[in-house]
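Next come two complexes built around chain A: one with chain B, the other with chain C.
Entry: the complex of A and B
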């Protein structure tokens, strides 16, 4: 800007102080926290497919559940996990769905132990049949590919015993995996009844906010194994990673459905009928989106206004 | 260091173990699968050890930096680093195991330090990104216009309100994800995969210098 020259309207539009932008976003993001708006929304197809993959499991199926918790992104991903577990708990007892769950991060282990006693408390019949219809192995650091490969080939190679910490089913803690009835039952579904591996499961529910994780999980749980594992999966992720999930998403592909961030969680909450923080987060996402689009347009109007009209003036 | 230790032995180890893992994919032999699983555990141990070595290296390099530049500013920076190293070392050594993570101290650390700190970091990053989007994402050229349209379509399709009530937004976002984005990602992945196969084969055959060097010789 030439010194002394008066700033045009286009200049002003294009050079709003960062602090004003930040303040606008903070105000917009804060509104739903104090007063949820309940902005209407539709459930996206990947979320619908995620839900369908769980509730339409055939009777006597076995599912492997990675309780995806990372406290650093809890606001965005926590509602997905809570809605997922509520969906799982709602599956009728008659369907006899067997569950093996674990968590892969240390903060997740803590959070899950709190959640399972409170927000995602299992129904009484599940609590009474711990060890027979489901088991939570607790913290198993199945994050890196070599560990994932070992886990896929033989779960006991990385988790020898039940290691959860909350009160439900505490009598099973420390029991060797293959001595637990539900594990024994699931292991008997595959080839070798003395080995529990991914061949024994019908669905893998997992999550990650790493955008390269879909590649990694597909490598280790779909394209590996002899014969190939080809374990159908559904995934919890964040909105930014959707382009990385899309190549693997579809009815005939490894990932049958996915929930992208809290906006997706809101859809899952609507489907399963347990409204929670996802709805509030969807409101926040809406308002943040409006502000983002507004500033995006403002920046471009400023640029083109300056380019077109100021040139004419000159 | 002799050539045997520097090159021949690592080459032999990599070749034997590597071909065993590759063979497991082709041959359904239980012993090979078990061996591969065992190697996975070994890799994890090596990985964790390397993190420990890296931490020691970071500590010594920071210390060297402070010795070279003993100003107040550098002392504050290095002092903060050492304090963080100290806290993290205590946390990892005493509470990093699969059972000790359930302790009350580790719980306090996670809920009162790690979670607020990390969430605040992402919140600040979000604000910074929004500010940058306003300043940078402008249709100045063909490339930036394409980026703006593709990014804008994806942003709109990710926001429930727009996705629900603006016709065609979801389809446009899906097209961007499944079309141009996937088209760009797939060749990059294929190139990386071909490169990985080549590097892997060269490592197995002892031709890849980077995986062979174990010392300055």
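Entry: the complex of A and C
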């Protein structure tokens, strides 16, 4: 702007103090916290597929669950994990679904101990049958590809014993993996009953906020092995990783379904019937979207106004 | 609520507000909280590193599983980077890690990220089950071809190649826009999570006593 020239309406629209913008966003994002709006929402196809992959598991299936707990992104990913576990716990006892779970981050192991005692408390029959129908191995640092490869080929090579840190089933802590009945049962499903590996599972439920993770897991759980592992997966992720997941998503592809961030978690909560944080976050996301679009329009009007009208004046 | 939980809430609230104070400009509280977070993160990682090294390496070694000495020593060799004189020693565990990593990745990468992707691009096109799926497959097919041509740098982007590269650039911009939108919504979710904590857990839960 030329010095001394009076600021036009277009300039004012395009140079709103960023503190005002932040204030508007904070007010908009706070509204659903005080009073959830219940904005109508549609469950997206990937979320529907994620849910279907879990609830439509055939009887006597075995699932491997990576409890995706990273406290730094908990606000966005926590609702997915909670809704996922609630969906898993709702699977009827008669289906005899066997579960092996773990976390790949150390702070995740701490958080899981709180969650499993409170928000995602297992149903009584699961709690009573820890070690028989499910087991949580606790923290296993499966975070880089060589470890993922070892984990896929033989879980005991990375986690020799049950190492969970909460009270449920604490008597099993330190037990060698293949001495745990549920692990022994699952290992017996594949080729070698003395080795527990990805051949023994029907579904892998996992999560990551690293956008290159789909590449890694697909490489190590789908296109490795002789014969190929080809373990179907469903994934918890964050919104900006969706473009990285899409190439692997589909009915005949490695990733059967995925939940992108807390907005996706809202859909999963609707499907499993346990409304929680995801619904609130979806409201917040919608309001944030409205505020964003408003400021985007304002910025564009400012740009085009300056370009069209100020040019004429000149 | 236990006293330690209350202290935790207060500390968390102070840290969040200090971080959000950047909105009004750089200030002491923002810088202080940033340093505290970094310091605690390093300490947290260090303590857990010692804990898990003990559990996965030291304890098995003490029980006679001597094979764990190898990764343990390799891990210790990494710390030679702290001295200029012995820093070269750290290149051995680093080289081993890179070599193993590359070996593990490269075999399946060709299949999962090149061959399977090419196959799926064609299969989706030929086997589309609905008009929407067909449209999607056509877009993916055209996008794949044109984006690939954008990265042909050995021939000048003129004529048909130029048009294809131009279209490819549009596809790249669209995909970047999707990534940016996802990133933005993610940031909003994170902000919302912190506001939720401040309003619900701290303000209503602690300050107003569950009002």
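Throughout what follows, the second predicted complex is superposed on the first by the 314 of 314 C-alpha atoms of A that agree within 3 Å, B and C clash if a C-alpha of one lies under 4 Å from a C-alpha of the other, contacts with A are read in each partner's own complex, and residues count from 1 in each chain.
The definition used in the following text is that a residue touches a chain if its C-beta (ideal position, glycine included) is under 8 Å from a C-beta of that chain, and two chains touch if they have at least 3 such contacts.
For clarity, every value in this text was computed on a predicted model and none was experimentally measured.
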Fit or clash between chain C and chain B when superposed on chain A: clash
Which superposed partner A:40 touches (first chain B, second chain C, both, neither): first
Touching partner for A:30 - first (chain B), second (chain C), both, neither: second
Touching partner for A:127 - first (chain B), second (chain C), both, neither: neither
Which superposed partner A:220 touches (first chain B, second chain C, both, neither): second
Partner chain(s) touched by A:173 [first = chain B, second = chain C, both, neither]: neither
Which partner, chain B or chain C, touches more chain A residues: B
Contacts of A:57 with chain B and chain C, given as first, second, both or neither: neither
Partner chain in contact with A:284 - chain B first, chain C second, else both or neither: second
Contacts of A:141 with chain B and chain C, given as first, second, both or neither: both
Touched partner set for A:13, first chain B, second chain C, both or neither: neither
Clashing chain C stretch [against chain B; choices 22-30, 40-48 or 130-138]: 40-48
Set intersection of chain A contacts, chain C complex versus chain B complex: 18, 22, 25-26, 73-75, 106-107, 139, 141, 144, 146, 149, 163, 215, 224, 239, 242-243, 247, 260-261, 263, 285, 288-289, 292
Complex contact set, residues of chain C against chain A: 23-24, 44, 48, 51-52, 55, 60, 97, 100-101, 104-105, 107-109, 111-113, 116-117, 120, 124, 175, 178-186, 188-196, 199-200
Residue numbers on chain A that touch chain C, as the complex places them: 18-19, 22, 25-26, 29-30, 33-34, 73-76, 106-107, 139, 141, 144-146, 149, 160, 163, 215, 218-220, 222-224, 238-243, 247, 250, 253-254, 260-263, 277, 280-281, 284-285, 288-289, 292
Residues of chain B touching chain A in the complex: 24-28, 33-34, 36-41, 43-44, 47, 96, 98-99, 101-102, 106-107, 110-111, 114-115, 118-119, 121-122, 126-127, 130-131, 133-135, 137-140, 148, 152, 154-156, 158-164, 170, 174, 176-178, 181-182, 185-186, 189
Complex contacts: residues of chain A adjacent to chain B: 16, 18, 21-22, 25-26, 39-42, 44, 71-75, 106-107, 109-110, 113, 138-141, 144, 146-147, 149-150, 153-154, 157-158, 163, 165, 215, 224, 226-227, 239, 242-244, 246-247, 260-261, 263, 266-267, 282, 285-286, 288-293, 295-296, 298-300, 303-304
